[in-house]
Amino acid sequence: MMDLPLHIFIALAFIGWFSGLMGSILLVHHRVLIGDVLSHSVLSGAAFVFLMFLDVSFPMLIVGAIASTLLAATLIEFVKDRTPLKEDVILGIVLAFMFAIGIAFLALAQKMPSVEKTMLNTLLLGEVSAILPSEVPYMVIASILGSFVIWFLYRGWFFTGFDTVFGRTQRVPISSLRKTLLFIVASGILLTAYISGVVLAVGLLIAPALIGRFFSTRLYSTLLLSGLSGAVLAVLGGVVSAKVEGLSTGPLIIFSAGLIGLLTILFSPHYGIILHKIKYVLFKWSRGQENILRAAYKVLEKTGNMSYAFSLEDLRQACDDPPPSWTILLKVLEIRGLVKRSGSRWTLTNIGLEKARRLTRLHRLLELYFSEIVKIAPEKVHSYAESLEHIITPEVEQRLYELLRDRQYDPHKKPVPWNGSG
Amino acid sequence: MNTMNPVIKVTNLTAGYDSGPVIWGVSFEIPEGVIAGIIGPNGAGKSTLLKVMVEILKPHSGTILFWNKRYSEVYKRIAYVPQKEEVDWTFPATVYDVVMMGRWVHKGLWKRITKQDKEIVRQALETVDMWEYRNRQISKLSGGQQQRVFFARALAQDPDLFLLDEPFAGVDIKTEETLLELLKQQASKGKTVVVVHHNLFTAAEHFQWLVLLNMHTVSVGSPEKVLTPKNIERAYGGHLPVLAKLSQRLSYLREKPTR
Amino acid sequence: MEWFWVIVVLLLVGSAASLLGSFIVLKGFGMLGDAISHAVLPAIVIGYLIGGIYDNQWFLILAIILAVITALSIEWLHQKTRMYPDGIMGLIFTFLFALGLLMIDLWTYSVDLDPECVLFGEAAYIPFSFFVINQALVPKQLLFSLGIWFITIMFTVAGFRALAISTFDTVYAHSIRMMPSFWQYSVSVLVAILTVIAIESVGIVLLLSILVVPASIAFLWAKRLHSMIILAQITNIALTSAGLFFAIYVDIPISAGISIIGGFALLISVILTRKKK
């Protein structure tokens, strides 16, 4: 942290916080890509101000940028109101248009004698070290102000984001609120663009927003978490780029924010893709064990000898839903103390037998339930029971027992193993 | 039933979208303290009618009065329950947050939530049997639970008139029965309930007052009066395409789209 | 002669882009084109890095393969994510674009790519690098553009019905085994290849513009898919020529000139047409 001057640290923290806030509120409205359009529009306003007044001081930039982002927002709403074009397409059109204007102004600015034109180039890909201590107070005040407005309209976002119909019936000014949101982002995105560059600014909106949203269930926690992670990510990128020579800060901030954002998506508790996958694999393996136990029970039932030592071949023949791996799962069952191995044969232990009996009972009761109460054709009930028996809750199990207490045989005339005698 | 002082009085209402009117010259009254059903075939304009009543859509012509007043004067006393599909269930909110929205109607964007408000929300959630789910994320609710949460929100608003848009679509029979029971309770307290409903067969047993609609008012009144074979034939029978055709023609003729 | 090559290359790239764009606009995936064109930057940088020497064409093939993989994964994620597909797409493309920029920073001396060039493109450079065919000098860009243009035309002609049905009604297309997702993926893949080929001359901004603008203008005026596609082609020719002259006249990058003219043309179309929602 030694290499990062205090004023830049403060600027990064506040802008990161505010970017996260803007990003999360856009995200829950499913309009986060609008941030990309607005940030690209910053360039045209800033370059225009430069061309007109040869001035790139921060207040001037703010005025120019807000004018152009507001123009972009107006264009989006105008085309959206008047055509059946989808919002995504409109965003693409306005982005290309506004950014092209910015590039054109930039090209004209290059011909100017003023040295300050390099400032505009830093706006393109961001250059944190260009932040002057005198600019930081503006940034802090703007971030705080913007955060307050978002917080102030907290209840309003429920009506605009969650339930506009109800909002309209209660005369909540939905469209003013939506315009306010666009206005906040249009003015705030300049700050983001200042540190990450206009091209990548939306990354600093999205990454913290997704982190915030994926770790919380309510709006206020989403907002707080997004703001905090925005601040942390921005500072982190700044610190790393201060340490490493030759890497541009803007891309570095977005790269690290994106990386952490992606990891979040993959591993977050509620919605994480990887975690979901892991759970699924675990489920498949536990289902495999249950299927082996049930197959073993079938074999034992056929021989009539509950301590019969069965072979792998016996199991294979008895099992209709083969597990991912016989050898591994049998080993797991052995470790869990449910089967006992002797050479190439296995026997069920007492606990194993009890478990196998319960599973068989559940399976056959489910078959009964489906064929008699749900009235599904008998030849189909097996596959239904097969897929459901593994996810049954104790509550459902109890219900099944009560419902079918007096039944002795399943639809295929096999006995329901109610007690130890089988 | 007090038919002299209707809660809702709709007169000569014509309304619809840019593509032409969907309802034509609709007139009816709904008395106080009843459960009323607005019924009719698909495309009859039932939901459109409800949306015009709460001023989500502007009428082309005609008037709607609640307690002889305009909607804008009394909207806080009217709770509207939208169709489940019309809202964004991925929004980061819990069941409790959604029901609290009913209190925000009275509190606006900034007024403090008091202990009393929290108590009302708790009662509403207990009434629909969802109190134990209060901290559940709304995306993890079943269709029936979503409907009950919506109804709890309407209760929390503490209105005198409930307007429900297809509350029984896509919910299980048990939820339908519970919901109906709750609506009856409200009616017995003197509140008025209006339900948009598409199932003609359950209409007679569910409702004490019916508005049979198919782009125009076919019949209004008690179920015995409305549900005659002749009326049903008129609502569900074949002569209506004329209005639909007219509506199409109008959309071609219209120069400026109204919004 | 040099300007002639510039115009031909721009028209070819524009023609291919507005053809693909017609389906992108109808599907409403405008930002997907933007995302893919940004996200393939690392692939292009790696291609340049390994290719290194100018005359070696293998970098192009490598870059295309990597770009196709990137495009496929973005499309896949876009289709599979249950929550916030837009947010996740935005995250991935900014992440990859930032990665590409960092790679350019790291290997400045071995990669002949300039971040600004990636964004704006510089069509005026098109005639600077040549192949020698039958003793005639043919610009490389011309050959590549001709190639992708030909592939795109063949793809659209061959798959016209399937593309039309998949765009209009995915569920129906699925039910009659037209494999809608295959066609959707193919469009993304072609956009990725187009980006790799055109990035130096056209730049990302113009690429996005020619993907969505001519097709959107055509969409506003046309009544049928056939006429929309043909109108998009005509619009592309008009916009490219007008934009080129505009850019030369006021002396700005050609990519910016064409995009600005395109934006104005679209606004005028919005005002003149009254297509209802």
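Every chain is named by a letter (A, B and C) in the order it is written, and numbering of its residues begins at 1.
FYI, a contact is a pair of C-beta atoms (placed from the backbone, for glycine too) under 8 Å apart; a residue touches a chain by one contact, two chains touch by 3 or more.
Quantities reported herein were computed from a predicted structural model and do not represent experimental measurements.
Novice: Going by C-alpha centres, which chain would you call the most central?
Specialist: Chain A is the most central one.
Novice: Farthest chain from chain A, comparing Cα centres?
Specialist: B
Novice: I want to compare two interfaces, A-B and A-C. Which one has more contacting C-beta pairs?
Specialist: More contacting C-beta pairs are found at A-C.
Novice: Using the average of all C-alpha atoms in each chain as its centre, how far is it in Å between chain B and chain C?
Specialist: Spacing between the chain centres: roughly 48 Å.
Novice: Centre to centre, by mean C-alpha position, how many angstrom separate chain A and chain B?
Specialist: Each chain reduced to its C-alpha mean, chain A and chain B end up 35 Å apart.
Novice: Between chain A and chain C, what distance separates the C-alpha centroids? Give it in angstrom.
Specialist: One centre to the other, that is 29 Å.
Novice: For chain B, give me the residues that contact two or more of the other chains.
Specialist: Where chain B meets two or more other chains at a single residue, that happens at 90.
Novice: What are the residue numbers in chain A that touch two or more other chains?
Specialist: If we look for residues of chain A contacting two or more partner chains, we find 30, 213.
Novice: Which positions in chain C touch two or more other chains at once?
Specialist: Answer for chain C, listing residues that touch two or more other chains: 83-84, 274, 276-277.
Novice: Quick one: in the complex, what on chain B touches chain A?
Specialist: Residues of chain B touching chain A: 54-56, 72, 75-76, 78, 80-82, 86-88, 90-94, 97-98, 101, 104-105, 109-110, 135, 137, 153.
Novice: Of all residues in chain A, which touch chain B in the complex?
Specialist: It comes out as residues 28, 30, 152-156, 158-159, 161-166, 168-171, 213, 216-219, 221-222, 270.
Novice: Across the complex, what residues on chain A touch chain C?
Specialist: Answer in residue numbers: 27, 30-33, 35-36, 75, 78-79, 82-101, 103-104, 107-108, 111, 121, 124-125, 199-200, 202-203, 206-207, 209-210, 213, 246-248, 250-252, 254-255, 257-259, 261-262, 265, 271.
Novice: Given the complex with chain A, which residues does chain C contribute to the contact?
Specialist: Result: residues 24-25, 27-34, 82-84, 86-92, 94-99, 101-102, 105-106, 108, 115-116, 119-120, 205-206, 208-209, 211-213, 216, 219-220, 250-253, 255-260, 262-263, 266-267, 270-271, 273-277 of chain C touch chain A.
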